[in-house]
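Chain lettering (A, B, C and D) follows the sequence in which the chains are written, and residue indices restart at 1 in each chain.
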Amino acid sequence: MTESLAITKFSDLANPTRFLALAARLLPWMAGLCCLLFAIGLYLAFTTEGDYQQGDTVRIMYIHVPAAWLSMMCYSVMALSAIGTLVWRHPLADVSHKAAAPLGAAFTLIALITGSLWGKPMWGTWWVWDARLTSVFILFLMYLGIIALNRAMDDPSKAARVSAVLILIGFVNIPIIKFSVDWWNTLHQPASVIRMDGPTIDGEFLRPLLIMAIAYTLLFFTLHMMAMRNEIWRRRIATQRRMAARTASREV
Amino acid sequence: MRLLAENLSAHRGEDLIFSNLSFSLAEGEALLLTGRNGSGKSTLLRVAAGLLRPASGSLRLWYDETRRAYNLAEAAHYLGHRNAMKMELTVRENLAFWQSFLGNTEGGRGVSVLEAAAAVELEQVLHLPFGYLSAGQQRRMAFAKLLVAYRPVWIVDEPTAALDISAEALLARLMREHQSQGGMILAATHQPLELLNVKRLEMKGFVYTNAEGHDL
Amino acid sequence: MIDLLLRDLKLSVRAGGGALIGVLFFMTVVAVIPFGVGPDLNLLSRIGPAIIWIGALLAALLGLDRLFQTDRDDGSLDLMLMQEQPLVLTVLIKCLSHWLANILPLVIASPLLGLFMNMNEVAIGAVMITLLVGSPALAFIGAVGAAVAVTLPRGGLLVSILVLPLTIPVLIFGVSASYAAVEDPAPFLPPFLILVAITMFFSVIGPLGAALALRNAGD
Amino acid sequence: MSHAFYIYTSYGVTALITFSLIAWTVLDGRARRREMAELEAAGIRRRSSVSAHEGKQA
């Protein structure tokens, strides 16, 4: 019994080991490319013309939109990993969605703050309970809940499975939340709020936006890979420590 | 220094566990409580540690030099069934916390955390979280807590539960060392425990027999 | 004593500790309110201070049942009861570390929630200050409840039920001071000073009561 | 630039959050690496369960 258990563990560990080797090779390139893209994106963001309607505040969009995009993409990555955890029981999937949660929370926070900073000059108030903002805020709370759940449990594989269930339930729920928030919002408020889409975006704004979006996405994957690596190390250290405790009493 | 217990009685709920129990211990002596489960060994030890109020009687630590009596609880270590260590903290953090929180009572000094861990032969695991240790290792580390701060009296309840024979002998040796430096021990145990100058008290539940030293 | 403070802080911050959960609960409770009352900004800014205070009150009670429970479960409480140093002091330190780890983050998060409630700068500042001054009282009152419920197997809910009625004065003066800062005729200082007095009063009464309860909860 | 305050604040906040995220990830990795080095120094290595297993057979 114990031997067969040991064998499955070994074959599982083979994959994370290969992942670590891959990460070590890829990370410098990804980080370098990421810096380059950010440099170009930021240069473009500050040199292009302002919008006639939104004025220079359109520049906030260059960081707000990619962050909002990432907040959703990160949740999709987590949902995929959650499926990996529950269906294939892959240890890398456990690590992946655990490592992604803080990143998602951070990007969602960026989206919320920059949205609020854009809203103040546009709407005259820091926050409106607009359907889109509200949905993003609920997403932020969901991220924090998942982080709290992960922290609350000792056993990493059990924590991974339970939080995978939560992630998937949340994923299924997102359209329902979006729909009901839209409903709630139109129920209470006539459509007087300026929507963010504004006028059709032309190429002038599209270029920096696109480059920033790619840079952000790359940043996410770089950080995600690093965080996964950290998490794998953390688990290895934990098992080694348990082993150290066992061998210590054997020597006595 | 003498430990004096006079006319102790204790209730648990409505039940009278023991009554009119008297004994005394001189320096270097040990009182070994034996008896079946539920005979009141743990109750007597909790009374001694000041965690239960006795229905009657008193427990004092009498200092001959200063001719003053002290509250026993403040001059005693208590090692109950539970280890009083935090699973989330490392062993070193646990021991260091108790060392500074307990402090020393007059008449002695505790050893350092490292020395205490070495005394229970577990200095290699000081950096590990306490929860990582096995049940036996945890018990030994809980015992190391008695070494980091000085107390003349040790009140230990089943100290060797969950331990193998070699670890049992190790703890017995540490207790004998404590006795040879003038310490006193109150212990409840099922297993034979080799201590010095042992007085035995067999607890029989509602009836009691007196210790040999019931001269008070 | 400082070691006890550090140990409790470490325990609540490390994995499995409840420091994050209180803030999260606070944010969620406050964020849910607009869905109930509607996104009318004027209405929200009017009820904002009260909602934030109630949210903070509930969140502050959340981790209270663990204040002595964990120490009792592993036997640490026995050793603390035996010591020469007064138990009141030990309880006071534990309340302080509970406040630092679980309640201070609520105070820090409150301006953010103030923005969500469309409160103006003065109202946000007033709520933050009243929370800062009033919330220690919640920890001290809560300690009594936690100590009373320490021997119960599932004391968690009971602690909230026991403690909530006792915290009503704190809520009354905290909220009225916050409103007084915004609405002109009402003076800010009298309710604020009463709030300070309540906190100081309970910083003495709370640990005393909790110590008494712990002594008598021995088994 | 109009609304310069809001623009610079949003870029500043974004930079702050991003950099703290990067710093946290990097520092976490360093701490783990240090812990692994400590364990290595203490003579505990991965797969030492294999040698323990062999030791039992011998």
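The rule is short, and it goes like this: a residue touches a chain if its C-beta (ideal position, glycine included) is under 8 Å from a C-beta of that chain, and two chains touch if they have at least 3 such contacts.
Everything numeric in this text was worked out from a predicted model, so none of it was measured.
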item	value
Chain closest to the middle [Cα centroid of all protein chains]	C
Most extensive contact between chains (C-beta pair count)	A-D
Centroid-based (C-alpha) most distant chain relative to chain B	A
Where chain C and chain D are represented by their mean Cα positions, the distance between them in whole Å	34
Inter-chain centre distance, chain A versus chain B - centres from mean C-alpha coordinates, in Å	53
Inter-centroid spacing, chain D versus chain A (mean Cα positions, whole Å)	17
Residues within chain B bordering two or more other chains	124
In chain D, residues with contacts to at least two other chains	42
Per-residue multi-chain contacts in chain C, two or more chains	15-17
Of chain A, residues touching chain D in the complex	6, 50, 55-57, 59-60, 63-64, 67, 102-103, 106, 109-110, 113-114, 117-118, 120-121, 219, 223, 226-227, 229-230, 233-234, 236-237, 240-241, 243-244, 247
Residue ranges of chain B in contact with chain A within the complex	121-122, 124-125, 128-129, 131-134, 136-137, 166-167
Chain B residues within the chain C interface of the complex	46, 49-53, 73-74, 76, 78, 80-89, 93, 96-98, 100-102, 105
Footprint of chain B on chain C - complex, ascending	3-4, 7, 10-11, 14-17, 73-76, 78-84, 218-219
In the complex, chain C residues that touch chain A	15-17, 20-21, 24, 27-28, 31, 34-35, 38-41, 44, 115-116, 118
